[in-house]
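Two complexes follow with subunit A in common, the first pairing it with subunit B and the second with subunit C.
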Partner chain A sequence: MSADVSTVPVAPPMSRGRRWRAAWRRPETRWAYLFLLPWILGFLVFTAGPMIASLVLSFTDYDVINAATYVGGENYQRMVEDPQVRTALFNTLLYTVIHVPLSIAIALALAVLLNQIGGRFAGFFRTVFYLPAMTPTVAVGVLFLLLLNGQNGLVNAALGVFGIDGPAWTTDPAWVRWGIIIMSLWTIGGTIVILFAALKNVPADLYEAARIDGAGAWRQFREVTVPMISGSLFFVIIVNTIASLQMFTEVYTMFYGNAQSQLQASDSALFYVIYLFRQGFQFLEMGYASALAWGLFVIVLVVTLVQVKLGDRFVYYEGDDR
Partner chain B sequence: MTMVQIEPAHEQPAGDRRRPPAGASPARRVIRTGFVVTAVALVAATFTYPLLWLVSASLKPRYQVFDNVLVPREVRPENYTSLLDAVPFLTWFGNSMIVGVMAAVTVTLSSALVAFGFAYFRFPGRNLLFLLVLGTMMLPAAVTMIPTFLIWQEFGLSQTQVPLWAHNVFASAFYVFLLRQFFLSLPRDTFEAARVDGCGYVGLFWRIAMPLCRPALIVVFIFEFRASWTDLIRPLIYLQDEALYTLPRGLKAVLDAFGQGGEQQWEIVMAASVLATVPLIVLFFCAQRYFVEGIATQGRKG
Partner chain C sequence: MRKPMVLLAGAAMLALTACGGVGGGDDSGTGDDQSGDLTADPSGSITTIGFALPDEIATVRVDTFREMYPDVEVNINEGGFDEQQFLTSVSSGNPTELVYIPGDQVGAFAARGAIQPLDECIEQRDIDLDQYRPNVLDLVQYDGSTYAIPEFYNTPVLVVNNTVLAEAGLSAEDIDISDQESLVAAAEALTVRNGSTYERIGIHLRLPDLTPFYGVVDGNPWVAAADDFRLDDPATVATMERLKAVQDAQGGHTALKDFENTWDLFGEGNPFAQNQVGAMVIEQWYVNVLANTSPDVDITVLPITGAGGETVTWATSNAWAIPKDAANTATSCEFMKVMTAPDTWAAAAEERIRLRDADGKAFTGIYTANEAADDKVFGELYTPGTGENQKWDDAVQAVLEAQADAWVVPANPVGAQFKAAWLEAANRILAGTQDAASALAEAQDKVEQALADVG
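Coming up: the complex of A and B.
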């Protein structure tokens, strides 16, 4: 790219505005925007427009049938005072704080083991670990409703082998959240594949050098492996966190919908997006649901920005001299 | 944005790089590897067991579904015919196929178009717009969910399958990002040579970039097909008529009617779950290479 610079005649310096106008006269620019047109249209109609619309709606009372009426900050005040929002937020954050580190730790451990095995075996096991992630999310919910069943579920049968009398994971409000976390660990295949791919890219010479310097297995892991895959680790942490904060399908399948489960009363499986969905589309409280949506947006934004800030400190990028 | 590849030291003889670490005898290495393989195999068995259990339970008579025996004592394939008699499962299956293919085809074409625009052209506003693309990846779907519903209602399409895929006509940030990476990796000389030969920009995209990026396009197609095949929230919002249901919505209806809080005919719910899962597993085995490659690429930074 830099090579052709010398062949281009050097243009006299221009003002910013003139350069911009000159660039627009180039057919290349117009073609570029033509190629980008689908995304620009979609951004305006399905992202920017709806974002503004939901912000406006969040200051109104709107039930689809009657015209929206302006209610000021009432929805936001209701949100702060709503005990169910507090429960939903608590459940969602608790799930995120436990699911993300736990699933990534397990995925990393399995990826490291796969990397040690190497070759065809590792490929085979990788496939096996990924299979659960191919199961449709609703089917995962259905399956775990039975596996986690307190009386005759497979999970408690397995615990029974070790003499542990397992709890009623799907009906006891004290245990439901933990049951959901167990379920979430079954579908970590994607994370395993990403981390395994990153591990394979760590140059063998680095381990060799560390070994010559007398580093043991743990120190090699801490000081070679983790820094070398920190980019991928950072990626799976961010993506998993954003996804966890929006958990919906599995839990909705198991505990909501037409099925009247006694759990709905205790709200121990109430996640934030489930609450938002029910307010908006079952109770038609579209104004309140929009306020909830903006609340979620702010939460996701803050959490992600904090992670990015922290990530800058520990992520090592190849070819980066920082 | 360029990635610096660490070159292997070429002076070294190839075989030398694989020598066992100093201090570990071959015998000890074999024992260690055997230990690791056994441990991983045990975990792998745990991961697979629920799927096998699901298939097995779908073939058991009602009163044995919960017996936790892997091989059914009595095999009842009739569970599947009972399911097909009770609900329009094949219709749902067809709906999911149509919606899935529409979603995948539209998003692949539109995202490729946009990605090529970002990768090939140099134009004012490029970096800013691309930053915007990346930014939208973080946006929770819930934020735009309600106004999007109102838009479709305005068009009179809120009770149809159109809202399940039509937004894909306008490209999707994640796939734009993924495909841009692939387009950027193509040697620029290929394009310049074609330009010299009189090839227009549309030709560059359609006749040169697209064929070269076929693997990446397949990745996008299967990812989106899977996403569509497992999507529950959109069908919950948009589909009221049972005849329009896609599989996840249908499976949820089966669970509500025959399982939890329903008639407790779990063998039927299990059969429905198996039928909803099998196509994805088949797709995975057919396109395994693309799945693995696609997922691994995500983790690599741009």
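Coming up: the complex of A and C.
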């Protein structure tokens, strides 16, 4: 029997080109590409095109009005030597390092709570937790200027209940970064929804088996829940990290959006993309701003690569051996 | 391998979403001269950005133009000046016909050719530049050409809350901005706070936005010429150190700023009505605000004096300009002329007088960059208040006195960088995170670097 099997001729594997041609002959493949075409065109025109343009501009002196002149790697050299780039990078990285784990931890805790709620109020609470994420980011910036005011803001009023004399969150350079981090927690609704969906997909029999084996609530969470939602956790870590490194709208609204708000901008509120934006549109240094953008691209790429490498060790995907 | 690649591609896309450049632009250097027949009758349509219609002073003037030229379609895109909006419109070759810009940015846009020189427009449409205040023209003239037509003439004055000062046993004459010892003493005496919670700022110097003005008060303007900045001058350092001392005497700059952010500056609950301030240095337009929202408030307005007792002030203004490659320049020129003409300002003033009269409130003037317009308003239309309104007339006279010989930052190619540099330095100094000498030296380096980059 085994001899018969070994003599069955095996078709040689098709080359990639042949596979592609074979797939293209199928009508559903052509339809799929047809439906993808608007996105592909949009990507080429509105994303890839500006990306290539910004790469070219990063090697030029370009003031937005007049033709760009080639300056080689001057903008990149300036970027390395610019102390404000270091300040902006420090603020951005510090924010990312604190915001990402904090926001995911809180989102996970709230998602676990939502997962416990059943009955008629389940939908209500899910909606309530997601609603802040729908607030326009500019409105969030303005709202938190009021909430974080050191004199009559609600945050300090709440601290006052516990006898704590709250700081000047929006004007004291020592506290501005912390105020921004507090503000950033307002919009974790998206992360809550993703983690909540992941929690819903954890098979109940795993918890039952764990209980039979004597696992308590914490052990179940650690040994069952976290591994089973690790794919979603990994996703929100990646996405939130990139978003944090690109933090712009809320902080710009609070500290740079108009002549009045700029009056209270301190070094603590200088985030990388804000510095980039100011160079391009306020100081008419679009070549330098483009170099800064590519600097951020490299940073995001490296950070994401490290996260992916680490993720391979810790993330469980359904169907994987681990 | 595929999974990481997909994630990396996604990361790349997200990272670069904010990196796109804008259109090409040609190499026109310092701006195109105007083309076409600038003497032609206004026609077609014009669109403005950076200008709003918040009150009758704006709407009456626009309506005046519309009545003069009913066939011209005037579109006012209301809102503050937005650099990104303006620059992308110019860069893409699709600018609006007119832009309303802060005076301190005229030089930078002129140097880069983002706005057109108006010399031909001024000549062919008979715009009489002699009407305009010479010092304000310094804001809008760059490299021998006029690039914008200025509108208002904003100068700081000292507004004293008599109620608060009387409680402290002081009078308006006791507040001397140039005398550090008495200023600190008055600031301390007038400030009321309970721990870190404020009820009143004693002397509100409106820092950091008016910071350069105190250089003028101390006899040391921070800019001597378009390419001569003096941020690292020892006198500038001394000015900043004394300003910090005044803020510290009242509890510190950051706490003061926090309290200021709670004020309803333009409403009926303004800091004078609420006795939240003892005295404030602020531009003259605030007198108009108070006369309208708090006609009963007990204030005294004084010009600010230097150490020698002489009146000192600085002036800022916004101005109309024509973007590079803008169409319909003849109509735009006429619009600028009409909007800033004495008769137009007078029409706006008459409407305000009518509205204030109807409410039983005092008219406290409008203050423009056009001296002929101001002469017309104050010579022919303004009626000094009597009785309870005497205080408003005193205020008007103080503002007019303060306006003489105001200093302006000369038009220069690095206006935005200069402002950013001194603002950052001032915030660090006032917050106590950096000493004045090193912060100002860094600021000076930044401005000089920006000048070198512009060439």
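Everything below uses one rule, namely that the second predicted complex is superposed on the first by the 268 of 322 C-alpha atoms of A that agree within 3 Å, B and C clash if a C-alpha of one lies under 4 Å from a C-alpha of the other, contacts with A are read in each partner's own complex, and residues count from 1 in each chain.
As a convention for this text, contacts are C-beta pairs under 8 Å (C-beta built on N, C-alpha and C of every residue); 3 or more make two chains touch, one makes a residue touch a chain.
Just so you know, these numbers come straight off a predicted model, no measurement behind them.
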Subunit A residues touched by each partner, larger count belonging to subunit B or subunit C: B
Subunit B versus subunit C as contact partner of A:F59, first or second or both or neither: neither
First, second, both or neither for A:S266, with subunit B first and subunit C second: second
Partner chain(s) touched by A:M51 [first = subunit B, second = subunit C, both, neither]: both
First (subunit B), second (subunit C), both or neither touched by A:W294: both
Which of subunit B and subunit C A:A139 touches, first, second, both or neither: first
Which superposed partner A:A67 touches (first subunit B, second subunit C, both, neither): second
Partner chain(s) touched by A:Y76 [first = subunit B, second = subunit C, both, neither]: neither
First, second, both or neither for A:F281, with subunit B first and subunit C second: both
Which superposed partner A:L113 touches (first subunit B, second subunit C, both, neither): first
Shared subunit A contacts, counted only where both subunit B and subunit C touch the same residue: 43, 46-47, 49-51, 53-54, 57, 64, 145, 149, 151-152, 242, 245-246, 248, 258-259, 273, 276-277, 281, 286, 290, 293-294, 296-297, 300-301, 304
Partner subunit C, residues of subunit A touching it in the complex: 43, 46-47, 49-51, 53-54, 56-57, 61-68, 145, 149-152, 165, 168, 170-173, 238, 242-243, 245-246, 248, 258-259, 262-267, 273, 276-278, 281-286, 290, 293-294, 296-297, 300-301, 304-305, 308-309, 312
In the complex with subunit B, residue positions of subunit A that touch it: 1, 20, 23-24, 26, 28-29, 31-36, 38-43, 45-47, 49-51, 53-54, 57, 64, 110, 113-114, 116-117, 121, 125-132, 134-139, 141-147, 149, 151-154, 157, 186, 190, 193-198, 203-205, 211, 231-232, 235-236, 239, 242, 245-246, 248-249, 252-254, 257-261, 273, 276-277, 280-281, 286, 289-290, 292-294, 296-297, 300-301, 304, 317-319
Interface residues, subunit C side, partner subunit A - complex: 3-4, 7-8, 11-22, 24-29, 80, 83-84, 87-88, 90-91, 102, 108, 112-114, 195-198, 208-209, 253-255, 257-259, 261-262, 324, 416-417, 420, 423-424, 427-428, 431, 433, 450, 453
Residues of subunit B that touch subunit A when the two form their complex: 2-4, 6, 8-9, 17, 21-22, 33, 36-37, 39-41, 43-44, 47-51, 53-54, 57, 65-68, 110, 113-114, 116-118, 120-124, 126, 129, 132-133, 136, 138-151, 153, 167, 169-171, 173, 176, 188, 201, 205, 226, 229-230, 232-233, 236-237, 247-248, 251-253, 255-257, 259-262, 266, 269-270, 273, 276-277, 280-281, 283-284, 288, 291-292, 295-296, 298-301
